[in-house]
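In the two assemblies presented below, chain A is common to both, partnered first by chain B and then by chain C.
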Partner chain A sequence: MASGFVEFLIRRALGFIAVLLVLSMMIFALARVVPGDPARMAMGPAASAEQVQAMREQMGLDDPIVEQYVRFLRGAVQGDFGISLISGRPVTDEILRLLPATLELVIVTLLLMIVLGVPLGVLAARYRNGWADTLLRIVSMIGVTMPAFLVAILLQLFAAYYLSDWPLLGRIHQDFRSFEGPTGFYIVDGLLMGRLDIVGSALQHLAFPALALALAGIGQIMRLTRSAMIENLRRDHVQTLRSFGVPDRIVTFRYLFKLSSIAPLTIMGLEFASLIGNAFVVEMVFSWGGFASHGLESIMQNDLNAIMAVVMVSGLFFVVANLVIDILIGVIDPRIRLKEGH
Partner chain B sequence: MASLGETAISPEILTARRMAWLRFRSNPVALLGAFMVLSVVFCALFAPFIAPYPEDAGNMIDFATRHSAPSAEHWAGTDKVGRDILSRVIFGFQVSLLLVVGVLGLAVPVGAALGLAAGYFGGWTEFLITGFTNVMLAIPPLVMALAVGSVLSQTLVNAMFAIALLWWTWHARLVYRVAKSVAAEDFVEAARLAGASHMHILLREILPNCVAVISVKTTLDAAFVILFGATLSFLGLGVRPPTPDLGSMVADGRQFLPEMWWGVLFPALGIFYATLAFNLLGDGLRDMFDVEV
Partner chain C sequence: MALLDICDLNVAFTSYGQRTHVLRDVSLKIGEGQRVALIGETGSGKSVTSKAVLNTLPRNAAVEGGEMFWRGRDLLQTPDRQREALKGIEMSVVMQDPLSSFNPVFTIGRHLGDVLFWADRRSGKRRGRAERRAHIYDVLRKVQLADPERVFASYPAELSGGMRQRVLIALALMNRPAMLIADEPGTALDVTTQDEILRLLNDLVAQEGLSLLMITHNLGVVRMTADYVYVMCKGEIVEHGPLRRIFEDPQTDYCRELIEAIPPLYGARVRNQPVSTEAPLVKLEGVSKTFTRRHFLRPSEQVHAVRNVSLEIPRGEILGLAGESGSGKTTVARMVMGMMGASEGRISVDGVALADQRDGRIDRRLAQIVYQNPGTSLNPKRTVAQTLEVPLRFASNEPKARGRRIEELLERVDLPPHFAARFPHELSGGQKQRVAIARALAAEPRLIVLDEPTSALDMSVQKRVIALLEELRSELGLTYLFISHDLSLMRNFCSHIAIMLRGEIVERGTPAEVFEDQQHPYTRALISAVPVITDEEEARKPKVTQQERQKFLVSSAA
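On to the complex of A and B.
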């Protein structure tokens, strides 16, 4: 790749590091204005004042605030967020254990968004005012008028009435609960170990949560793909191809498709932030037991260290996702890759 | 012929503003949105007089009528302690609109001021403000609101604060884009040469050109704030019971699914109606002003 693109990526990466730094400052500042003493919380109500004071010293709560922040940051960079005030176990262990569940859900959601959103957007552009256009309008409307938790509940209700055997809660059938694979992703582990029954059960459990999470994004991606297709259709080189008699199908999928997938990809980066947020809600509705549910629990219990870790890891997700998208766009669109970074 | 002369609109009268109004008036969807928004506002303002059982908005308990299905007395049924769901949905609009007013009342002026300053002054001001805005845009809003909501005690005012904390970024970005292009126009230069102060140029020359985008974005945002607030209280982090909030009503009703579907369905319809109203109105305003947000 051209050096301009590499430079562009480096600049983006630096920007993302700034994002994480500011995020860490905000969450740290927030954690220090909380009413209530973290040391008291860690020790429980039965502990004596001396014990709590000893804990305060151990946790470094009486040190100057800047020193505390630097310590927090140094730990965070090394993946150490201290111990949970509730369970007493390292926060990071807990998050790593639960991360695959959430990642599996989020990745399937993203795939669903692309697999459904882009082709439907293409169809809506090709057959304007046809059924795909109507579908687009309905899905976009649901996306802006229904919060993810409502979509999730309605899907559950639908399944309860019409698909009586469909699993409504959890990640996998209870017979497979004890199953443990090397990665923690049920689909990947199932495939690796040749256990198709596990893959099937995992997919079945994934379907509704992923759909609930994806719906808002699908509408947006459809709309963007559609308008990009229509705009690109007017371009000279596309018009030339058509006037040479190249079949519509080939024009659409060989030439327009790639060009038109840039806009929806760009939006996916921003979409990712709300996706993480909504994962909290959808995991709760479907008892998913992932990282987001854990975050919610920590928030409910005021487990400060865990909350800070959850927020930082969410921010990291977002940043990495956007970097990946930047690279993807560079791969698809040589104009961005070859041009000086903007 | 005289009557024809009266009905025809002479080109002098057809100002941009009048054209915009004509566009809005001839758009049935926009009018429907405006009507729906007015109805939500009306319900919120006069909830005590409209709601069939106004006392049910609070901590009322009437176990005799608990979990009754929709009927002539309770059009939308009752909840787990016998409160009329329709009444609570009507009062729920009050909470939703208060949240909208609070959040946007904080976020829009702050965002607009920062966007204006960045677009007009340029240089370091621009660099710092756009940089900070971009950083804030990258924070998942729900996660941050959850964290703030968990730290502060759960009241309506704190929920507003938690949401507004990240909301201004979108307005800052939007106003910045418009202000930057307007600041390069000749009339701004002319005002500067005529000796106008920065304040005068910002408020009287540039801001009026941003009003269209701000009002469209604010209307569309109202719907998002309602969704956001409902999501927070659904998770138990927004507004505390017994305040009738649409999100927490859904959370309450969810425990009794699928048999007592009305406990979820009607609050959900309330959310849907309010957000649809602001979306339709916002789309209509967008077509009217012919702007991109």
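On to the complex of A and C.
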């Protein structure tokens, strides 16, 4: 791989670190500005003023703000966000416990977006201006415009009315609640241990939350794939291959498809941000018990340490996802790899 | 029996319910081993004819009549499946634009391999992967690509335009077709590279005994590559005959105009522009432009786009700045306009140094620019009047006077006044360029920078635009800086010529001096590569050896 691309990736990575730093400053400043004394919150309304003061000192709240920030940052780098003001347990433990649930949901959602969005886009482009295309465009428009929580509630109502046995809440059937796997991902653990009943139940529970989260992305990706395909269809190189008798399906599904996958891939990085945002609400609707709904609870309860941790971890995921996408695009598109290479 | 025999072919296009008859009773014959050229201007139906033969017409096109015999069999009565079997095997096409004819995210080898694989499938041949690859290497060597392994593994962006054009020829030759259709090969390339490509094509056609259908608008190319010529105009063949007859004794006015529109390189028809003795309007002293490419981990690179260029343009003169792509001629033009600062040296216009001007920009009333492609330099959402109004706002403050001025400007560029209400898409290429010229004139400048103003136009249109530019210069006392790569046009249009190579001026003088007695070998190589239309011109072109030609080929290096 050309040195220019490695350089590009390093520059991007440094840029992402800067993004995380700025994010940490903003969330830290916000946490210190909001009304309410964290020490009082931690001790509860019954504690005396002396007890609160002792807590303040223990938490270092009277130190200069810069010192506090440096301490926060040092802790954050090591994965230590302090203790929850509500439960009194380390914030990080709580997040690690809940993270697999959310990751499972988000990854399945992303897969759904790609597996449904891209082929539908190709289909729409192939039969552009036909009835299938028109239908898909209308559906995708609805998908893009409808808020995820509304879709979530509608799906839940649908399940409640028409699918009597379909689970409405939670991640897994209650019979398996006590099941503990090595990774915390029910699907992965179930496969590892050969428990297909667990995998089935997990998938059944996942279907509607993931669909609710994915709908906007599917619409978005479908539209982008479609327009990229149609735009590239007019290019000379399509004509070249056709003039030499390479079959249409090869030209469309191999040549056009790879070239046209760059645009939707680029948008995935941005889509990821709204995905995390939407997960906050969708997890709530489906009582998912994940990291995102934990974030929402923390906000409700003003648990500042937990809020900061949730924001930083979300930021980290966003940044890593975008870096992965940059690498993927580089792998697909040699022009990016070769840029400045020689 | 002719290899290809087209009789009274009629093709019509339907778009938005409107039917346009694009080919009318086209008849054309190509014998075995014959080299035939099909010439005509943009929109005359040349490419449609070739697509009809190959069966790659767009979906909205319909063949409405006629016959098309391939080795005696009527292709129009042949099912599509069997016609597919001919593609790339019996007849092949050399695509026009080497830069856009490959999918950028696949390697060259993948393209060639897939084409060969499907051609084998259709002709019932059986070949293994390794065998196919060996065959592809052979063909790449045949088109003089020295390192076929590297070319095979490269992505299109890693190859120069000339190399990609060679690969396109290789693509066409892959299955030893009986006929090659070449659609304007090399027109997108520099003149020296184009020359190289045409030589290669000629050699290959002779070696392999192929029939050639050369589609082009460039008569010089026709002279090099064909023996028999068909002339097309608005979907009809208006004249055909042996090359010599067509060139020396054209029977139709259209054909005569086509030939006369070509600016001569040598001979009696060449015109010399007067040389001005007035003080210089534009002065460049030791001007350089260096771009710095910053890298993150490695030291930054310096790209010297222009090196130590000194120039003077006397008032009322046309200075031609010639050179191939990447020679720095457009950078010079931008610096003269003050759109870009010089890294070193001094540029002054009318005695005022650009560096002393506010923002380093030139006074709008002093200099204006006309760009190469009027299709993209005019805003498609604005009418002609709206386009012209922008510079007029700087020139005069009275809104009422503007309407009159727009009419005046349109008259100046020979457009009727009602064109003011038209949008660019309602105009032809030549008309659009006239509007662009009118826009440049609006601010009443003294200097106009012309950046390849006619290279996107047909020859006959070019001739009229050039005549207009000459007329404007003498009537308004304008000075031109003319940027171009078209040497035969410059020979007739410029008072002085400067030739640039890799950012430096390597040759300068009046056209008469430069074309009769070249000082620099690059100038010789450049002039000798210009396709000409008469034997006299060919004879008077400087002679260049193979080594000298290779030395300055921009493409073979990459």
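Everything below uses one rule, namely that the second predicted complex is superposed on the first by the 336 of 342 C-alpha atoms of A that agree within 3 Å, B and C clash if a C-alpha of one lies under 4 Å from a C-alpha of the other, contacts with A are read in each partner's own complex, and residues count from 1 in each chain.
In this text, contacts are C-beta pairs under 8 Å (C-beta built on N, C-alpha and C of every residue); 3 or more make two chains touch, one makes a residue touch a chain.
This is a predicted model, so every value here is computed, not measured.
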First (chain B), second (chain C), both or neither touched by A:W288: neither
Partner chain(s) touched by A:F280 [first = chain B, second = chain C, both, neither]: first
Which of chain B and chain C A:Y255 touches, first, second, both or neither: second
First (chain B), second (chain C), both or neither touched by A:D236: second
Which of chain B and chain C A:I27 touches, first, second, both or neither: first
Which superposed partner A:F81 touches (first chain B, second chain C, both, neither): neither
Partner chain(s) touched by A:V319 [first = chain B, second = chain C, both, neither]: first
Doubly contacted residues of chain A, that is, touched by chain B and again by chain C: none
Chain B contact footprint on chain A (complex, rising order): 15-16, 18-19, 22-23, 26-27, 30-31, 33-35, 141, 144-150, 153-154, 156-157, 160-161, 270, 273-274, 276-278, 280-281, 284-285, 295-296, 299-300, 302, 307, 310-311, 314-315, 318-319, 322
Chain B to chain A touching residues, read off their complex: 131-132, 134-144, 146-151, 153, 223-224, 227-228, 230-231, 234-237, 247, 250, 254, 257-258, 261, 264, 268, 271-272, 275-276, 279
In the complex with chain C, residue positions of chain A that touch it: 3, 7, 10-11, 235-237, 239-247, 250, 254-255, 258-259, 262, 332-335, 338, 340
Chain C residues touching chain A - in the complex, by the definition given at the top: 54, 56, 84-85, 87-89, 92-93, 95-97, 100-106, 111, 114-115, 118-119, 122, 155, 157-158, 168, 171, 293, 295-298
